[in-house]
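Step one of this worksheet: look at the structure below.
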Amino acid sequence: MIERFANPARFMRLSATILPWCGWATLGLLAVGLYLALVASPPDYQQGEAVRIMYVHVPAAWLALSVYLLMAVASGTALVARHPLADIAAQSAAPIGAAFTFICLVSGSLWGRPMWGTWWVWDARLTSVLVLFFLYLGYIALVNGFDDPARGAKAGSVLALVGVVNLPIIKFSVDWWNTLHQPASVLRLGAPTIALSMLVPLLVMAAAFWLLFATLLMIRMRTALNERKALALRLNRAPRARPGRTAPVAAGPEASPAVRPALR
Amino acid sequence: MTALRGIFCRDLALTLHQGGDAGLVLAFFILAVVLFPFGVGPEAEVLARIAAGILWVAALFAALLSLDRLYQPDYEDGGLDLLALAPLPLELCVLAKSAAHWVATGLPLVLASPVLALFVDLDPRAMPTLVASLLLGTPFLSLIGSVAAALTLGARRQGVLLSLLVLPLYVPPLVFGAGAVEASALGMTARPDLLILGALTLAALPLAPWASAAALRQALA
Amino acid sequence: MAATDLTGPQRHPAGVAAGVAAGALVAEDLACRRGARLVFAGVSFVVPPGGALVVRGANGAGKSSLLRLVAGLVAPAAGRLVWGSQPLAADPAGHRARLHYVGHQDAVKPGMTARDTLAFWAALRGHGRGISLAIADALASLALDPVADWPCRWLSAGQRRRLALARLLVAPAELWLLDEPTTALDEDGRMRLETMIEAHRAGGGRVLLATHLPLALHGAATLHLDRFAPLEDPAAETWT
Amino acid sequence: MAATDLTGPQRHPAGVAAGVAAGALVAEDLACRRGARLVFAGVSFVVPPGGALVVRGANGAGKSSLLRLVAGLVAPAAGRLVWGSQPLAADPAGHRARLHYVGHQDAVKPGMTARDTLAFWAALRGHGRGISLAIADALASLALDPVADWPCRWLSAGQRRRLALARLLVAPAELWLLDEPTTALDEDGRMRLETMIEAHRAGGGRVLLATHLPLALHGAATLHLDRFAPLEDPAAETWT
Amino acid sequence: MTALRGIFCRDLALTLHQGGDAGLVLAFFILAVVLFPFGVGPEAEVLARIAAGILWVAALFAALLSLDRLYQPDYEDGGLDLLALAPLPLELCVLAKSAAHWVATGLPLVLASPVLALFVDLDPRAMPTLVASLLLGTPFLSLIGSVAAALTLGARRQGVLLSLLVLPLYVPPLVFGAGAVEASALGMTARPDLLILGALTLAALPLAPWASAAALRQALA
């Protein structure tokens, strides 16, 4: 019980120290990655300059998938271990994942224009990613769809777990159906089938995206924690519908300054 | 066992009242299918081309239309509390309810599909595949649907939220179902798609009731 | 605590002391959280076989919450419930099998007849064909037989409530959890309810009921929930 | 008929005789048919300004039906209702404008807050912006202010009932039709209700209420509906 | 006036909670439209061919999906009694409710239709007609729908009965709406179809509320 209550506090302290480092590292890697991707790396012999979209598209796609996976894991632990942080992590990750998915979709269709001559095709890979995007949206809508945040969190967790089914479909859609979209060339069994001069910037960008995700996640989790605290305090000052039975709440030591005004 | 049959029969009765004519549901399908030619225009070749898709989308919407009534009434009149407090595991209740939902919405379509296929003049060769695909796929719709219905119980804007959750999850059966029919309409084998459909339903059979039950317990807590 | 420290009716010499041995329902320092707020805390009571606990308290004191907690629908925020020697959390299914719950709403489907409704709930508790007799008795003992075969849409509020209570009779269960059972009942109905409860207790059954009206229950203990309103919420600052 | 032949409270010397002049609500041998069966017949009563009529009767006697009949939701199978000199059927709109109805269910939307709910019902009766104060008062006088801004999904049964009753206060109406208003209310709530009613009557308002509990209403008349159950239904043999 | 605004706003609020994001409704449409290509297959020309029909059928189902929640909740929680007892005529209440229903289900589609048209790559020339036809036609759906909802109130199998009543009545707007779009997609004038659509809505505007109110009074008696 006690340590469970203590955890959020510990997280706040930890993240406070890590956050700045994470932020700067993200900026640095992004700068390097973009330089390598846009300037240093050679144009593709058949795709020409269009290939540079890859350096955004592919990492975004990877993030889109992995963030959902992470979300599902967090939700699972939230349901089983009842760990308060897990819920918050999953909920904070969702919008970020949705954003990456969106980037993947947009960059993809931007790339599709020169490569396939169309913005969009109803191809298994593309549509399954679109479904992923809607799963993110659905999750967000569901979590915020209840008056009682706890309830929303639980419902969301279950949905996240159910939605995992979609991930393998996305990942292997290119192998199961003959799609326009090309099969995996990096994340595949056996050696990558991609030139080192492209692989390196790709991996750098991927790392940068990951750091970016970590940073955003921490920021969102911190704000979420503060909001929860504020809500709990507000509700506990509301007594039952009976005169003179107010249940005063000593605003806890944790109540961050940001919250206090809201309580007055 | 009695308990299960009890829930199943009652829900069935409540859905298509006192076991009365499932004709209404059928009529709904026929109408839904008849609507498309109106919207799409009578050109035979176009119709035949999209026949499978039409039937499957009709199945989807039929399932969806009735989903929000799956738990909502019991939730509002307190019946859900009693179901959750019944000796038999809630998972089984959910399974029975889903089954009733399928019999009310899925089965009629399966039975009617040969007739409906005529409306949208589908290639006769594809007929068996159509029936098979619906038979394999529609239970999945009810099962997954029950999860979404349970999740959105007591949520604001339940209706739309429900559709938002369900429709993405309905995409796979739609793809494979329609795919199977088209394949055999083009004279190719529909076996792989049908297998995948069956696999989906089999996978949902244990998972969905579990998830729904979990969601329901949350809703009642 | 005085109000909560109770003894069973005299006809049960066992009382609290031997209560545990006799398989008493014991609540130890329960706390209940609804949504994000703590409703009550530190509630303890003992309900021996044949015992009755009347839960009282202002609107919003947490009576319904307490009953749902004992039913196992809501998990306690703190404390534990024990049946005899075994905590309820140990086998929820077993606990469900031995309780009946009648909430604020009486789960009555407008489309079904009273008889069918009872048959359904009986079936749900595993009673098959043979109980049509028990159903007839239950209907009779709540004076519902004249309306037994109408669609419940036609029933008046009190008639619905009686139907909800008739559920208690068709399928026997040891523990009755009744949330304001007298709602919409007339004098006759209330008296029938009281006799039902007393008969149930005489047979060793136990009752927890929340009510605002005085009920003639012999040797019932009373729990005043108002006294257990938490002054300040321990978890408030950790929000959970 | 003794039970129905009533006089207003003493503070209204007008009484029945002058009642009509003072615009009394007069019911002349009403009969009510629900579905296909005759529920009661030959019911007559007079409710002068400031008067209160308590409708009593067993479950299914037809109390709710009578109130719905007076509200104009159900048409009488026989007899007529007159307000002052003018039959209600003459201008239903005018009648609706002067009555408040609180039924068995309290029309409370889980998603809305108590405050919004009241604002909506006030708006429905044509009260615009300015009434946020009246709403605050109404909430306060039923001790709902602490929960005024919660979604009603979180309210307890009694809190919902209080909210339903608060409707009576935000928009003034001369005739209150209350169907078992005390449902789910605790003592405090019941007392608040009684003071509400008495204040309303003191201002010349009138109340018809169906209840099973004794309510402390000064000089209220009682109508025992059981006495008006039709012995045999003229239309009985034509169906069922 | 206040009263009307009151009902309208509350219903709107209750449908898309506290005026919150209509984004959900949009998402639903996008999904519904996305479904068809799944079922029908990705061939662009086929899609373009049936684009108008698809969008219109989506509109129909969106309206239908939410119809049974139009009066049912108020009916069950006693709110309908109070609406019927409000000083202002029930017809106006109904009108306000229908309007709220349209704003919640019809309007989003009208606004989203240009985007959706891209999904099913509709001929750009037809875009204005599409928007116009939806703008003229969708109110009809809500108005007629409210009549059906009121008629089936408290009926057994409300859901299916509702669809059964409504779908035939929805055929005319579907035909003319889709017709108009196709016409202008083929470069012909859509004027006649649009006029008919407008006429339908105008006719329904006084009739539907009156009919619904009558039906509601019956349901409450």
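Labels A, B, C, D and E are assigned to the chains in the order they are written; within every chain, residues are numbered from 1.
Keep in mind that, in the parts below, contacts are C-beta pairs under 8 Å (C-beta built on N, C-alpha and C of every residue); 3 or more make two chains touch, one makes a residue touch a chain.
This structure is a prediction, so every number in the text was calculated from the model and none was measured.
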item: Chain whose mean Cα position lies farthest from chain D; value: A
item: A-B or A-D, whichever has more C-beta pairs in contact; value: A-B
item: CA centroid of chain D to CA centroid of chain E, Å; value: 38
item: Inter-centroid spacing, chain D versus chain C (mean Cα positions, whole Å); value: 32
item: CA centroid of chain B to CA centroid of chain D, Å; value: 46
item: Chain C residues counted as touching two or more neighbouring chains; value: 35, 58-60, 104, 111
item: Numbers and ranges of chain A residues touching at least 2 other chains; value: 127, 134, 137-138, 141, 147-148, 151, 238-242
item: Contacts with two or more other chains, residues of chain B listed in rising order; value: 17-18, 76, 154, 156-157, 161, 164, 167-168, 171, 175, 221
item: In the complex, chain E residues that touch chain A; value: 24, 27, 31, 34, 37-38, 41-42, 44, 119
item: Touching residues on chain C, where the partner in the complex is chain D; value: 34-35, 57-60, 64, 104, 147, 154-159, 161-162, 180, 183-189, 212-213
item: Residues on chain A engaged by chain C in the complex (per definition of touch); value: 4-6, 8-9, 84, 147-151, 225, 228-229, 231-233, 235-236, 238-242, 245, 247-255
item: Residues of chain B touching chain A in the complex; value: 144, 147, 151-152, 154-157, 161, 164-165, 167-169, 171-172, 175, 203, 207, 211, 214-215, 218-219, 221
item: Chain C - residues contacting chain B, complex; value: 68, 71-75, 93, 96-97, 99, 101, 103-109, 111-112, 116, 119-121, 123-128
